[in-house]
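Structures incoming, each one as C-alpha cells.
Note that chain A is present in both complexes that follow, paired respectively with chain B and with chain C.
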Partner chain A sequence: MKATIERATLLKSLSHVQSVVERRNTIPILSNVLIEAAADGTLKLMATDLDLQIVETVEAQVETAGATTVSAHTLFDIARKLPEGSQVSLSAAEGKMQVIAGRARFNLQTLPRDDFPVIAEGELPTKFELSAAILRQIIDKTRFAISTEETRYYLNGIFLHVSDEAQPVLKAAATDGHRLARVTVPRPDGAAGMPDVIVPRKCVGELRKLLDEVDGSVEVSLSATKVRFGLGSAILTSKLIDGTFPDYSRVIPIANDKLLKIDPKSFMEGVDRVATIASEKTRAVKMALERDKITLSVTSPENGTAAEEVPGDYDSDGFEIGFNARYLLDILGQIEGDTVEVHLADAAAPTLIRENDTAPALYVLMPMRV
Partner chain B sequence: MPEEPAPPLRKIIHIDMDAFYASVEQRDDPALRGRPLAVGYGQARGVVAAASYEARAFGVRSAMPSTTALRRCPDLVFVPPRFDVYRAVSGEIHRIFADYTPLIEPLSLDEAYLDVTEDVRGLGSARAIAVEIRARIRADTGLTASAGVSYNKFIAKLASDQNKPDGLCVIPPSRGPDFVAALPVRRFHGVGPVTAARMEKLGIVTGADLRDRSLAFLQEHFGSHAAYLHGAARGEDDRPVRPDRPLKSVGAERTFDTDLIEPEALFAALDRVAEAAWTRIQRYDARGRTATLKVRFSDFRTITRARSTAGGYADYAAFLGAGRDLLKALFPLTHGIRLLGLTLSGIADEREADMLQPTLPL
Partner chain C sequence: MKATIERATLLKSLSHVQSVVERRNTIPILSNVLIEAAADGTLKLMATDLDLQIVETVEAQVETAGATTVSAHTLFDIARKLPEGSQVSLSAAEGKMQVIAGRARFNLQTLPRDDFPVIAEGELPTKFELSAAILRQIIDKTRFAISTEETRYYLNGIFLHVSDEAQPVLKAAATDGHRLARVTVPRPDGAAGMPDVIVPRKCVGELRKLLDEVDGSVEVSLSATKVRFGLGSAILTSKLIDGTFPDYSRVIPIANDKLLKIDPKSFMEGVDRVATIASEKTRAVKMALERDKITLSVTSPENGTAAEEVPGDYDSDGFEIGFNARYLLDILGQIEGDTVEVHLADAAAPTLIRENDTAPALYVLMPMRV
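On to the complex of A and B.
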C-alpha cells in the first residue's frame, strides 16, 4: 500500500477515529487503525472497540492499493506534530509502515489487516434520515440523564422508539432511575414499525462529536441488534444494548395538580447559588412553595446554611419539597424559553418539568427527602 | 545463581459488621430485638437500607422496595436510619483496628480490610488477631462482626461471608485455590446477573470452570475484565490494602515537556492522564461521586474544576467524559497548560446518599 494524503485531512479523520479506540486493550490489534487505500483515490480509516466501529473515507493520492493496521494513537500523535500543510506519505510493506512528511520519517510496526475485527452489520431493514440538527437536539436534551451504573446496563444508553399518537412520532428517552428526559420529534419516513432500540452511551458520545462538524442529514439504518449512522465522511456502526428499557411512560405524571411557573434563568441561578454550600452529604435543595413565592434553602452541617427567594407563579397549597441540586440544574439548563412549568403533586412524588405542553422535551425528577 | 525470592505471603483480614444498621437499632431499642426489622422508610416509595436477620428469614433484603418487603413479611417494623450513629460506631471500630495495624482500608461504614502481615502486637497469627478484634468489637459496641482471614483481599472477603453472622473463617494458602474453585461465579467481583448468565451459556458456572478457560478465551468474551477473572479463578489477587483509600481521592496528573495550548493536544493528553488515573481507581473497586480536573498554566496559576454525578463514576467513559467536559469549558485559553490532573473523590458510603434520593417508580 502506498498513498499520499494532506496532513490536515489525515489529522481530522484520525482524531475522529482514534477516540473510538479503547485505551487499554488486551487484544493488540484493537489499538490499531485499519488504513485501506483504494485505487479510486480514497483512503479508508477504521477503528473499533468491538461494540462500536467507525469508518472514515477521505481523498488521497493512491499509488498502490492495499491495507494494513498501525497504532491509532501513535499515528494520531505523529500527525499532530507533522508540519502544517505538509503532504504525508504512507507506505506499508513487510510488516512495517513508513510515514514521511517533510524531513521527518517514521517507521511503525503493523499488524495484518486480515486480523482486524469488523462488526458484522447483518441486515439493517429500517432506514430513515434525520437532520443533523434534530439528532443534535435529541442527544443534547437526553444524554445528561443516561445512567452510568454498569449494573443497570439497559439504562446505559438512549432509548429510541416510534409511536402513533395524534401524529406518528419518534421518541428518545434516557433515565438513571432518579431523573428522566424524553424528546419527541415527528417520525421520519422509513421509521414506521422500527424495533425499539437502546443506543449505547459511547456511541451517543462519538455521534455527538461527529455531529458538531456536519449539517444536512444523517442516514440512520438499524435492526434489532445494530445501528449505523452515515454522516459526512464517516460511518458509525454500533451494537445496540441487548436489554429491555423499562416502560418509562408509567412514571411521567399526568395528574400533578400543583403548578409552578417560573423564570428558568433566575430559578437556576438561585439553585446554583444556594447549592454553593452543599457538601457531599447534603446535595438537597429544599423548595418551600407559597403563593407566588419560592424559598430555596440548603443546610449543610459542615458549611452552614443558604436561602434565597425566587418569585414565581404559584396558586396552590403551600408545601415543601427537596431536589438534588445537580439534577435540578441539569434539567433547568435544558430549558430555552422564558418560563418553565414545574408540575408537582406532593413531596414524595415524581415531578414533571417542561417548557410548556407543546415543547418537544420533558423531564421527570424524583424528589429527595429533606 | 540465586533464585528470585517469592513475594512474602500476606495476611489479610476482612471485617464485616453483621446486619450493621439493623443491629445498631436493635442494640439501642430492646423492644426491636428478635423482631423482623428494616432500616428505611416504610411508605409507598421507600426502600430497605438494611434488614435484621429475623427479617432476612422472610426474604427481606437491602435495596428491596418497602412494599415488596411488607408483602414478604407483614410484621416488618420500619425504623428510619440514623447515619450519625452509624458513623460514630464506625469510628469506634476503626479505633480498634488501628491497634493492630496502620494498613486499614475501609470499604464502607461497616466493612474494612486489614493487612496484618506485620504482627505489631505479637499475637502470633492472623487468626488470633481476628479473634481478638471480634471480641473487642462485641465488648466495646455491643455488636457482632464476622471476619475472613486469608492471603489476599479477594479470598478474605469471600471468607468473611462463610460463617456469618458472628463467625470467623480462615483460608490458608493451601486451601485457597480449592475454595475459589468451588465458588459459583456470581461471587466474583464484577460478575453480576448479566455476566453470570453469559458465563452460564458458555458452560462456566464455578470458579473451577473459569480456571479451566484460557486467558485468550476470557479476553474474547469478557474483554478487559479477563485479566482479573483469570487471576481470581486461581485465587490470585495482588491488590494491596490501601490505607489512604475511599475517604479521600485517587487520580493521576502529568506535567508536559512543553506547554500545550491546542485543544487536540490537550484532549489527547487528558486521555492519557485519565487512563493512568483509572488504572489506579480500578484497583479500589471505587465509585466516586466527583471528578476533579486540575490545570496548571504556564504562569504556574493552578485551578481545579469539579463535577459530580449522583450514581458515581463507576465507568471509565463517564469519568473521562467528565474530565473532557471540564477541560472544554476552559476554552479559549489565554495561557498554555503545563500540567493536567484528573482525580476521583467522594468515594464514601453510598447507602446514605441512596436513602435520601429515592428512585422513580420504574
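On to the complex of A and C.
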C-alpha cells in the first residue's frame, strides 16, 4: 500500500475514527485503525470496538492499492502534530507502515489487515432518510435521560419505534427510571413496519459528534439487530441492544390536573442558584406552588438554606413537591421557547413537562421526597 | 455585620481567595472565608491553609461593621450564579450569614470569626518592589522545574537569593534534580542582604494567577521564614520552606565545548512530533548531532520508530545524546527569540540551554541514556 493524503483530511477522518477506539483493549487489533487504499483514489479508514464500527472514505493519491492496520490513537496523535498544510505519505511494507511528512518519518508497527474484525451487517431491510437537523434534535432532547446502570442494559440507549396515531410517527425515548424524555417526529418514508430498536449510548454519542459536520440528510438502515447511519463520507454501523424497552407510555401522566406555566430561563436560573447549597448526594430542590408564586428552596444540614421566588402562572391548589435539581435542569435546558408547561398532580406523582401540547418533545420527571 | 457589594466585585475577590482554600479540610474553619466589613466602606475577604494566606480588600457599602466566616467554595459558587449586575447584600446574625441578591436568598452556616487562624507575619525586614512583568517572567521561566517529590521538600519551591557579581543581582532558581531553571534580574533597591528563601509551589501558583491582573509593581516583604506580596487590593502571605536549597551553581556547566545554535520553534516541533511514539514512561528522545544536521529520533518497542531532521548550526564532533522529551519541551517553550544555544559536552554530561549569554534565563538539563 502506498498513498498520499492531505494532512487536514487525514486528521479530520482520524479524529472521527479514533473516537470509536477504546483507550484500553485486551484484543490488540481493536486499538488499530484499518487503512485501505483503493486504486480508484480513495483511502478507507475503519475502526471498531466489536459493537460499533466506523468507516470513513476520503480522497487520496493512491500509488499502490493495499491495506494495513496501525494504532489509531498513535496515528491520530502524529497527524495532529504534523505541519499544517503538509502532504502525508503512507506506505506499508514488511509489517511496518511508514508515515512521511515534511522532514518527519515514522515507522509504525502494524497488525495484519486480515485479523481486523468487521461487523457483519446482514440484511438491513428498513431504509429511510432523516434530516441531520431532526436527528440532532432527537438525540439532544433524549440522550441525557439514558440510563448508565449496566444492570439495566435495556435502558442504556435511545429506543426508536414507529406508531400510527392521528399521523404516522417515529418516536425516540430514553429513561433511567427517574426521568423520561420522548421526541415524536413525522414517520419518514420507508420507516413503516420497522422493528422496535434500542440504539446504544456509545453509538448515539459518536453519531452526535458526526452530525455536527453534516447538513442535509442521513441514511438510516436497520434490522432488528443492527443499525447503519450513512453520513456523507462516514458510515457508522452499530449492534443494537438486545433487550426489551419497557412500555414507557404507561408512565406518561395524562390526568395531571395542576398546570404551571413558567419562563424556563428564570425557572432554570432559580433552580441552579438554590441548588448551589444542595448536598451532592440528593441534589433535592423543593418547589412550593401558590397562586402565581413559585418558591424554590433547598435546605442542607451542612450549608444552610436557600430560597428564591420565581413568577409563574398557577391557579390550582397550593402544594409542595421536590425534584432532583440536576434532572430538572437537564430538562429545562432543552426547552427552547419562552414558556414551559409543568403538569402536576401531587407530591408523589410523575410530573409532565413540555413546551406545549404540539411540541415534539415531552419529559416526565419523578418527584423526590423533600 | 451588614454590607452591600456589587456581584462582579464580590465574584472577582472570591475567585482569588477561594483558590487558596483546599477542597478537603480536616479543620472545618479552613474551608471558610473570613468576611470583615469595616466602617470605612471596605470589605476584607481572607482565606488560609495555615501556610498561605490571602487577604483581599474591596469597596462596599457598609451599614454595620463586623465579621463572620462562611464556606469559601459555597459562597463563590453562589456569587457565580447570581444575576449579572446585581447588588449583593451580606448580613450576619445569630450564627448565620444571609446573602440576598435579586429574588434569591441564602442563609449560610457560619463559624466564629475568632476561630479563624491568621498567619503571624512577624517582622519582615527586607522590603523591595519588583515590576509585575519581571515577577511573571521569574515565575514562568522557573516554576516548571520545581520538584513535586515531597521527600525533597527543600526543592518544592522557587529559591530566591541575592548575589554580588559584576552587578548586584537577584536570582531565582528551581530544580527537580533532572533539570534546573534559573533567572537572573537586577537586584531591586532594598533587597541587599536579604536572606536566601524558598517560596513554596502553592504560593508561586496563587501569586502567578494574581499577577495576571496586575500592572505596575508588586511590594515584596520578607524575613527568613515568611514572605508577603502586596498586589494592589490583594495581599498574599506565605510561610517559606524551612530547608536548605542545594548549591545549584555547581551543576551549571561552564566548560561545555560543543555549541549547537538552533531555531527553538522547529526544534520544539520536531521533538514534540518524534516524541508522539515515545513510551509514556521514559519519554526519551535521541538527538544525533552531525555537522549542521541534527536528527531527532525515538525508538519504542510497542509503537515503532520516528525520526526527524532539524537544521541547526553545529561544527564540533558528531555524537549522540538523549533527553526526556517533556523536559526539553518545557525549556524550549520558554525561549522567546529565534535562536537557542545548546552547550553540550558529551552524552552523560549536563547540558546548558539558553537564548544567549546575556539572556536572564538559563537552563540545565541532565541527559538520559538512550
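The rule is short, and it goes like this: the second predicted complex is superposed on the first by the 368 of 370 C-alpha atoms of A that agree within 3 Å, B and C clash if a C-alpha of one lies under 4 Å from a C-alpha of the other, contacts with A are read in each partner's own complex, and residues count from 1 in each chain.
Convention: contacts are C-beta pairs under 8 Å (C-beta built on N, C-alpha and C of every residue); 3 or more make two chains touch, one makes a residue touch a chain.
Just so we're clear, the structure is a prediction, and the values are computed from it rather than from any experiment.
Within the superposed three-chain model, A:230 lies out of touch with both chain B and chain C [touch as defined at top].
Between chain B and chain C, it is B that contacts the larger number of residues in chain A.
Looking at the shared chain after the overlay, A:246 reaches chain B, while chain C stays out of its contact range.
Applying the stated contact rule after C-alpha superposition, one finds that A:190 touches neither chain B nor chain C.
Contacts of A:77 after superposition on the shared chain: both chain B and chain C are touched.
In the superposition on chain A, contact of A:175 is made with chain B only, not with chain C. Of the two partner chains placed around the shared chain by superposition, chain B is the only one that A:15 touches, whereas chain C remains out of contact.
Contacts of A:327 after superposition: chain B is touched, whereas chain C is not reached.
When the shared chain is aligned, chain C comes close enough to touch A:302, but chain B does not. The interface of chain A with chain B overlaps its interface with chain C at residues 77.
On the chain C side of its complex with chain A, the touching residues are 71, 74, 77-78, 81-83, 96, 103-109, 269-270, 272-274, 276-277, 302-310. Listed in rising order, the residues of chain B touching chain A in the complex are 41, 43-45, 192, 194, 219-220, 223-224, 226-227, 264-265, 268, 271-272, 274-275, 279, 289-290, 308-318, 321, 346, 348, 352-353, 355-362.
Those residues of chain A that touch chain B in the complex are listed here as 11, 15, 22-27, 50, 73, 76-77, 80, 147-151, 153, 156, 175-180, 201-202, 205, 246-248, 250-251, 280-281, 283-284, 324, 326-327, 348, 350, 364, 366-369.
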